[in-house]
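Next come two complexes built around chain A: one with chain B, the other with chain C.
Right after this comes the complex of A and B.
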């Protein structure tokens, strides 16, 4: 009994700190969202008025759809490419594997804003590298940022490029934790390379894959720097995704009421997604 | 004995420390200021600010001015948030779009109570003009303006001269298009190597689009009396059509302009890719530093018939003191110095800005007449006769971005300008219906 009380005393400060840092902004945000916000300060209590205003916004449905497409495409591509890369690096020798690993990590360690600006400079100008290459390749005047579909494609590509290093590291760590004996035993039993990967490697990578998928989903659903710097949400609304909508509501039109309401909806959406992922992984097991 | 000596020394130290404490506090006052400028930077305005701060600190020993540079387009909303959380800086530069919000929020102190009450009528008259009126409320004054920004046409003097175009002759929109066509250059393969005009339509770092001076010049109002958007007037529709036709019909502006920010446009200009751009007077000196003082000029917008020129959007930075600043008096003292007779000439000479005081303009006549500085006269004339300041009686934040998005839709999606402006008006009204 004594040791249990002592244990509680030990963890209370950590939980109090977590509560202060992680949960108090959410509670404050929820309270804030129930008021009419004038000049940055809450005034009249309007209940769910700010949430109802979100429903009245005809553009929000499109923003939600674009966010889903962007996040799904970016996550699937990142996981697929990084899994292939991790398997390849795992099979390389120690020295060559280390060099490739370092190269793959570089995009992840570069500041997002700096990396996105580099892409912007390549694609934004009439004299940019991308247009010159397109002309050289005989593709004509392809202006990627001017085309709604291509601009979204580029946004997804930049997101994949930026996050692939993180995913490779986690998956590579997962691969290294699988004992070689399993593969050897399977080989002796006559399993092909694909069968080994499908029946042994992939199931044993379930936990790192789940972790990577969750982190990538949240990261892509909440990224504001990449669309803000790369496309500004344009052309039109073609690359406007939810976090950018929150940013614009808060810092462009200064509509803090609906910005907070939308941020809260996103927060609970994120939690639901994580729960769904975890549940799905358990079910598969 | 030893213990007694140590005790005596400790007591003496404590007494000395306590005696010194109030004195040290009185001497070390730090004034925090948020601005988009960086005194450690090398642009003309950065240098001017650094010199003004150095002069002020020298004249006021014990006072230190610390600048916390901010992104210009997010600084004011951040300030309003900081005001509510009690962590705002002592001195703030407020962008005109959010000036009304800042004043109504009570975040800006009335400067009259600190120093304007002691001014002579001549001192007040020295600042008279639309910028002064904008932040006056009866006998209260909430800020003083600096970096007065006149957003019109920045042009390459050498390229216009080469093409035989006198900027003063561009007094109609048709004349403007003709000039832009003359200035557009193609290479042997038909690729445009230089456009006649450039203007960014991005929602990032958005300047007020060209359709605004066009519509204002034809007598339209951009906002209704209750603050609702008035974007769908025939003049505004005509303005957006004209703006987008520069790309679609006349080919004098790059199609990539739909994704360009203000900074992208300046880069195009600095790299000889555009002969004329929609540019801000506050940037002229920086561009002159890059291209040569004799190569960059500023002209007024063309007129729409009745008058030779259309009104340009005037912006600028309203410098105020945070109402809850614990050192508001000191902060106000710095604001008065920075934008008064001591600071104003430095903003002009070093920073390449138009003067804030009539007396500065009068005393610096020779400087203004120097080659390369003529743009200061253009700004002075434009501010008096052809200027438009966004209203501050209601919140209008985001109107530039929303209008730029409408222009994107017209160019990229081929949307009808009227339909694009109807969508823009609905979006603006929705986001301001709080």
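Right after this comes the complex of A and C.
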């Protein structure tokens, strides 16, 4: 060993970049949020004025509630469906399992803008394939985007559809790391398939399940594109969720003060999830 | 099929491995197979139907019931999209993604090497920061506003390097994590042998670690490419001049511009998917292994 500082040279470039793009903007943003903002420039110091203004906003409570409902529903459904799929793919054997994985991951690998756009065209648009077929089959007119509940259901569905592939692959990796002997031993002792799943597979899958849950929660609570492309937040405000609200405040209504304050509140929510993630990722250094 | 009673009598190594290859029995199996069939339709139909739509003339688009193959394919939609400058957006995105992949790998490999093979002050906390940054960059919506304000202040917005800078920072933590996992598995005896032969620590990185980390670099590289190509939020606010606009914001603008004209919209979507599908067809296995190793990014 030469000097204990030798290793630092190799990480300095990476950390310089992370510092510039990820870390320092947070501090700058916090400083900025303490000022009144006019035309994108800070004017006078108002302390927590921007944050107080958020509390006075009557629409924000609804947005927060909708975001919570959206994220909870999307995450629970994604995890449940992915778990069933992963268990099934795990039993398929190497080659068939791989093909199925490839099909499952398609919506994840194409961009949210394109995936949502195509989903909308095929399943939602009134001259699109699905609704044309429904009309043709005599199911009548279905106007999903005009109904607040249906529109929220659709937003959840698209979000689940988009992210299942990711969750399946992580859970599948978890399943593969469970030694086959455990299941065999339980079978020899007379356990049924369900008992094996419930008492052996599920407990051993706890870490990947929690990890997937956290990443999905983060990603659903931060998706701007899905509501933007699918519904534009409508009808009314029925599908307006927090990330889209931040985006609109900053770049549509140019209210940078409240946008920054709200972004920072979201950021601290994200930090809590990140801390849980770090505990689970079992980092070793 | 073999039952539990007969299996136990067989010697361990002769027991058939049926359990693993067996389809799930009964109703559960049928239900899951049906669910998968539904998923396959849900996943592939929008792609296929999107491509078909992009090849249709407006008159065929409004035909009812919808036609599958019975139409004369036309490239008119593609011509309109290209006339709106879409190839320029694709070229920019290709450039951004290529720079991002190169920069990410060039920064991540030395960092991963140092985190695994060196002992230096604050190594533990700094690595913790890297791991925490993996999901943090998923929260781009929350980070975006501070990032935008900060970059505006520094005069870093609206330049050719703006997006590669941001994308590299977003992908870097995941790449470091994936590569460190692989470097951990490279025996330290190889380093020691090279050093005994007079190699420097940098030579070890260059001639021992680098060649043996290729699969991890491939996995991190392809995930980085996909992530940069597909990025929307930063791409739509950090650069404004049309000549710098990447693909995803360009498609979003088309939604406003073409409105309900699904022909050009699906044509632009099809063009935007082509590089991803090529990467997927060639490197699908690496994408899966990268995701598995990284276990990150929803």
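As a working rule, the second predicted complex is superposed on the first by the 245 of 285 C-alpha atoms of A that agree within 3 Å, B and C clash if a C-alpha of one lies under 4 Å from a C-alpha of the other, contacts with A are read in each partner's own complex, and residues count from 1 in each chain.
One rule holds for everything that comes next: a contact is a pair of C-beta atoms (placed from the backbone, for glycine too) under 8 Å apart; a residue touches a chain by one contact, two chains touch by 3 or more.
What you see is a predicted model; the values in this text were computed from it and never measured.
Engineer: So, does A:57 touch the first partner chain B, the second partner chain C, both, or neither?
Structural biologist: A:57 contacts chain B only, not chain C.
Engineer: Could you look at A:164 and tell me whether it touches chain B, chain C, both or neither (first, second, both, neither)?
Structural biologist: Once the two structures are laid over each other on A, A:164 reaches chain C alone.
Engineer: Thinking of the overlay built on chain A, is A:84 touched by chain B (first), by chain C (second), by both, or by neither?
Structural biologist: Second partner only.
Engineer: Contacts for A:228 in the overlay, against chain B (first) and chain C (second): which applies, first, second, both or neither?
Structural biologist: Both partners, chain B and chain C.
Engineer: Which partner does A:40 contact after superposing on A: first (chain B), second (chain C), both, neither?
Structural biologist: Once the two structures are laid over each other on A, A:40 reaches both partners.
Engineer: For A:143, select first, second, both or neither according to whether it touches chain B, chain C, the two together, or no partner.
Structural biologist: The answer is first: A:143 touches chain B but not chain C.
Engineer: For the three-chain arrangement built by superposition, which of chain B and chain C touches the greater number of chain A residues?
Structural biologist: If we count touched residues of chain A for both partners, the winner is C.
Engineer: Is A:246 touching the first partner chain B, the second partner chain C, both, or neither of them?
Structural biologist: Once the two structures are laid over each other on A, A:246 reaches chain C alone.
Engineer: In the superposed arrangement, does A:272 touch chain B (first), chain C (second), both or neither?
Structural biologist: A:272: touches no partner chain.
Engineer: Touch test for A:185: chain B only (first), chain C only (second), both, or neither?
Structural biologist: Once the two structures are laid over each other on A, A:185 reaches no partner at all.
Engineer: Quick check on the output: what are the common chain A residues between the chain B footprint and the chain C footprint?
Structural biologist: Chain A residues touching both partners: 40, 125, 127, 228-229, 250-251, 256.
Engineer: Spell out the residues on chain A that touch chain B in their complex, using ranges where they run on.
Structural biologist: Residues 36-41, 53, 56-57, 59, 124-127, 143, 145-148, 228-229, 231-238, 248-258.
Engineer: So in the complex, the part of chain C that touches chain A is made up of which residues?
Structural biologist: Residue positions touching the partner: 4, 7-8, 19-25, 32, 35-36, 39-40, 42-47, 49-50, 53, 61-62, 64-66, 107-108, 110-111, 113-115, 117-121, 123-124, 126-153, 165-166, 168-170, 172-173, 176, 201, 205, 226, 229-233, 237, 248, 251-252, 255, 262, 265-266, 269, 272-273, 276, 280, 284-285, 287-288, 291-292, 295-298.
Engineer: Within their complex, state which residues of chain A touch chain C.
Structural biologist: So the residues of chain A touching chain C come out as 1, 4-11, 13-15, 17-18, 20-22, 24-26, 28-30, 32, 40, 81, 84-85, 88, 91-93, 98, 100-107, 109-115, 117-119, 121-123, 125, 127-129, 132-133, 136, 161, 163-164, 166-167, 169-170, 172-173, 180, 183-184, 187-188, 190, 193, 208, 211-212, 214-216, 218-225, 228-229, 242-243, 246-247, 250-251, 256, 259-260, 263-264, 266-267, 269-271, 273-275, 277-278, 281, 283, 285.
Engineer: Over in the complex, which chain B residues touch chain A? Could you list them?
Structural biologist: Touching chain A from chain B are residues 73-74, 77-78, 80-81, 83-84, 98, 101-102, 104-107, 192, 201-204, 254-256, 258-261, 264, 267-268, 271, 273, 395, 397-398, 401, 405, 408-409, 411-413, 427, 430-434.
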